[in-house]
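Next up: some structures, all given as structure tokens.
Paired with chain B in one complex and with chain C in the other, chain A is shared by the two complexes that follow.
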Partner chain A sequence: MRLLRAVKDKTARYIMLGIAIFTILFLIVIGVSLFFKALPIMKEKSLWILLTSANWKPFKGDYGFLPFIFSTFYVSLIAIIIALPFSILTSIYLNSYASKNVKRLFEPIVDLLSGIPPVIYGVWGTLTIVPLIANKIAPRFVAFSSGYTVLAGGIVLAVMIIPLLISIMVEVFRSIPKEMTDASLSMGATKWQTVKKVILRKSVSGIIAATVLALSRAFGETMAVLMVCGNITQIPHSIFDACYPLPALIANNYGEMLSMPSYESALMFSAFLLFIIVVLFNGLSRFTLNQIERRYQF
Partner chain B sequence: MICAAMIILGVLVYIIATVFYRGLPALNLDMITKLPGGGFYLGKEGGVLNAIVGSLYIMIGSLIISILISVPLVMFVNFYLPPKSVFAFLIRFSLDILFGIPSIVYGAFGFALMIYLGIRASLLGGILTVAMLIMPIMMRSFDEITRLLSRDLPDALLSLGATKYEMVKVILRQLMPGLVTAILLAIGRGIGDAATVLFTAGYTDNIPASLNQPAATLPLSIFFQLGSPVEEVQNRAYASAIILTVIILILSFSARYFSSKFSKNKI
Partner chain C sequence: MISTNQILINSNYNSVIEMNNAITLKKLVTNQSIKIEGLDVYIENQHILKDINLTIPEKSITCIIGPSGCGKSTFLKTLNRMHDESPEVKISGKVFVNDENIYGQHVNVIDTRKKMGLLAQRPCPLPMSIYENVAYGPRIHGIKKRKAINQTVIQYLQYVGLWDEVRDRVRTSATRLSIGQQQRLCLARGLAIEPEYILGDEATSALDPLSTKKIEELFIKLKEKYTIILVTHTLRQAKRIADHIIFMYLGKIIESGSTDEFFNNPKKQLTKEYLSGSFS
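Right after this comes the complex of A and B.
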């Protein structure tokens, strides 16, 4: 009887250990297999040409990823520029000003926003943002715009990353010891001064980490961006031009292009690129956030 | 600051209102009880039952896989490893990174894996890929809830002479509401994601009868219908969007309900 219990315990432990090792290895497996899938194209063309050439003619064997990489960064940057002020202000409000009831109201709102599927954001974008840009905003600046633009992608993405930014920033602000803000307030500083000089200054690294995390989320967002940003292979010159980010490229072409091995490999290369960027950004910001969490644990 | 907060609240309302405003006229019982009929994509009769059932099948399959993997893992990290262990840190760190990997990368990887294993775009492929996507979500939220559990319960169990395995079985019962919350969150993310199933699950007008057949999914059905030039079909996309939004709303609120229940029952 005692033996049976011990055996059960041991078996369970080894199974769990196996699963744990599998989880860590899984990340490496994804990276390595994407790399090997991307290898043929990297052998064919130098990495430098792949990354900096704007010449995209798969049927002639030219694979320049610059338009896609540039579009990805452009859209994400616009999204961050729009999302950051809203998220910082809202998180400060929720942390230092809002009453308990408001906080309780906002939690499900942030949850809901982050829970809405990308496709719904895409539907919303095509219904409201795209016509808004085409009819109202763009005519003031350029002669013609279809509305399916960098700006549309940026706005939709901004709404999608705001919940992520808010939830992390609220955590970061919360990790600041209450003694510090109390000390500032008791010295006669106003609430706003305390926010500016204590809370914001103390949480710069956290805000940066949150931004980088949100940026990496924005890089990989597929469906919503694909639906609103036009998908024309070009280097967008202004925010009123259409663009074609990397995830959209994969989503639009993968699966149909298996007859051309080099095309498939090129698409795998873009998946690998995304993977590397996201893992790097994620790793860095998660590391910083962990550090912050640990520093203020008491 | 109140303005910023109000704008965010406004955007949420705006999104839901837009979808409902455009979709409600096209929403009827046929949408959720019928398969797409002949000429469905030209605006003739039919519904999106194939997509609803397909999404459901994929979610059930991937949930089974991911529960089987995430529950033991979370238990291992929390109760088998010492609190400050490097191994536990490594696991949590890689979970964080896995959590951040975009769904399109999972989709591409899943597809490459399927080719390697010789599986065609099918229910099975969709299940495997969605499982990859939702596993980190489930593990992370379950882990966070498990960490909140006070150490007294495990200590008491161990001092009564239970083995660790027996201890975990008792603790799991205590953590059940937390697990349900984690599962609901994972479903919410998995059911709405289109990029993972785009290449791996395929698309069909029928309900899949076996694991080897392709399966339709709700987000993809919205996406394809929206791409049609026919207005009735587009309106149906909005109606399908309502169905998906309602599912998500229900999931989100029940997750909230369960997690509040959990904090009430905490020892």
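Right after this comes the complex of A and C.
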């Protein structure tokens, strides 16, 4: 009896270990298979040219990925610039100012927002944001803009990542001990002073972690961005130019151009690139977070 | 970069310390008084404090004792209006601090809190350096001059006996201090807003005996200038440092009086039972 229990215990343990390893294996399998699919194009062209050339003429065999890489970062950057102030202020309001009833109303709505399928955000962007930019915003700055722009992609993406940011940041702020805010308030600090000097300070690493997570999500977001950013292969010079991020490139062309082996390999290369960007980005941010926490152990 | 900065700061400190030797703690308002009339506190419809009427003697240590849950901490929080942060708390009655009802209509909460230095149960340094913790109070109340802030920080760190222990690392995180040092830091931080009253909510219950002794000695030193109100769990501590005792039970004040009288000649039966340890 006792032996049987021990055996069951061990078995359960190793089965779960196996499953856990299997999950991690996915990451490696995806990475490796993308790498091998992308290998032909990397043999044909130098990596440097693939990454830094803006010349994209698949039928002539020119594959320069710079416009796509640049677009990916540009749209994500605009999105995070728009989303951060919104989500930080909203989460602070929910954490420090809102009454219980407001919180009870707000939090499910925020969760709901993050559950809306991307394609709906895309449609919404096409119907409202794109015309708004084309008719109202862009004419103030440039002569002509179709509305399908970096800015449109940034705005739609921002709306999509705001719920994610809010739900993480609310947790981050909630984890600050009440004694700490009380200590500040009891000295006669106003709520705003307490927010600025204690709550935000205490949450720096949490906010950075949330930002990184949101950015990783933004890099990979495909459908909604694809619908509003114009998909023109160029290096956008301003936020009112169209752009063409990596995920959109893959989604638009995969399955159509497979008659050309080099083109397929090029698409696989862009997928591999996206994969590497997200992995590197996560690793880098983890490293910086560690550094921050070590240096400012407050 | 950091090291040159540190040297600059240190040389700055030295000149301040020299100046400081001549300075004693800032002279405070002479007339301190707390008078409470008909105070009732309800938390979510539970009657927590029941018709409290009380005068707290100035420039002395008043200890509030009583079993857990009798409303001691709730009472302390009414004095600096920290209940304002919890919407479920309802308060009626009058609390006069320096002859002004702090629950009156046109009273500024911040002014009230600024008069009260609070020392919490567990030391809770703010997420910043030792220096910034003490400088926090003066800064939020609008003092910008570096020299003035330097002076305040050093003065109060010296006062709580922390300066010599931390002078080389005032720019490092306050959380790296020992828990006893942290509590003294919190006291220095509270003193730096130049309050008139000091409120302690079981301020030594998390500390080791040696640190407790240091804090108690500080309280005794501080009562020359401040009116001190302490909630305490231990009768022995009350006996050691209190001038006056308030005994609370189930939200009511059962007995109050001078420490001598309270311990040697208690009037109420309930007090006698509590002192003999029949309940706690």
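Going forward, the second predicted complex is superposed on the first by the 264 of 298 C-alpha atoms of A that agree within 3 Å, B and C clash if a C-alpha of one lies under 4 Å from a C-alpha of the other, contacts with A are read in each partner's own complex, and residues count from 1 in each chain.
Following the convention adopted for this analysis, a contact is a pair of C-beta atoms (placed from the backbone, for glycine too) under 8 Å apart; a residue touches a chain by one contact, two chains touch by 3 or more.
What you are looking at is a predicted structure, and each value in this text was computed from that prediction instead of being measured.
> Using the superposition on chain A, tell me whether chain B and chain C clash or fit.
fit
> Applying the document's definition of touching, compare chain B and chain C: which contacts more of chain A?
Of chain B and chain C, more residues of chain A lie in contact with B.
> Have a look at where A:90 lands relative to chain B and chain C in the superposition and call it first, second, both or neither.
The first partner, chain B, only.
> Report for A:223: first if it touches chain B alone, second if chain C alone, otherwise both or neither.
first
> Touch test for A:179: chain B only (first), chain C only (second), both, or neither?
second
> Quick check on the superposed pair: does A:238 touch chain B, chain C, both, or neither? Answer first, second, both or neither.
neither
> On the A-aligned overlay, A:99 touches which partner chain: chain B = first, chain C = second, or both, or neither?
Touch partner of A:99: chain C, not chain B.
> For A:55, using the defined touch cut-off, is the partner it touches chain B, chain C, both, or neither? Pick first, second, both or neither.
So A:55 meets neither chain B nor chain C here.
> Quick one: is A:193 in contact with chain B, with chain C, with both, or with neither? Answer first, second, both or neither.
second
> Across all Cα pairs of chain B and chain C, what is the smallest distance in the superposition, given in whole Å?
Closest C-alpha pair between chain B and chain C: 18 Å.
> Which bits of chain A are touching chain B when the two form their complex?
Result: residues 5-6, 8-9, 12-13, 15-17, 19-20, 22-24, 26-27, 30, 33-34, 37, 85-86, 89-90, 92-94, 97-98, 102, 106, 108-109, 111-113, 115-124, 126-128, 159, 162, 166, 213, 216-217, 219-223, 227, 247, 250-251, 254-255, 267-268, 271, 274-275, 278-279, 281-283, 286-287, 290 of chain A touch chain B.
> Within the complex, which stretch of chain A touches chain C?
Where chain A meets chain C, its residues are 99-100, 177, 179-180, 182-190, 193, 197-198, 201-202, 296-298.
> Can you name the residues of chain B that touch chain A in the complex?
Contacts found on chain B: 1-5, 7-9, 11-12, 14-15, 18-19, 22, 69, 72-73, 75-77, 80, 87, 90-91, 93-98, 100-105, 107-109, 111-113, 121, 132, 139, 163-166, 168, 185, 188-189, 191-195, 198-199, 219, 222-223, 226, 237-238, 241, 244-245, 248-249, 251-253, 255-256.
> Under the stated contact criterion, what part of chain C meets chain A in this complex?
Touch residues, chain C against chain A: 80, 82, 85, 87, 110-111, 113-114, 116-118, 120, 122, 124, 126-128, 136-137, 140-141, 173-176, 186, 189-190, 193.
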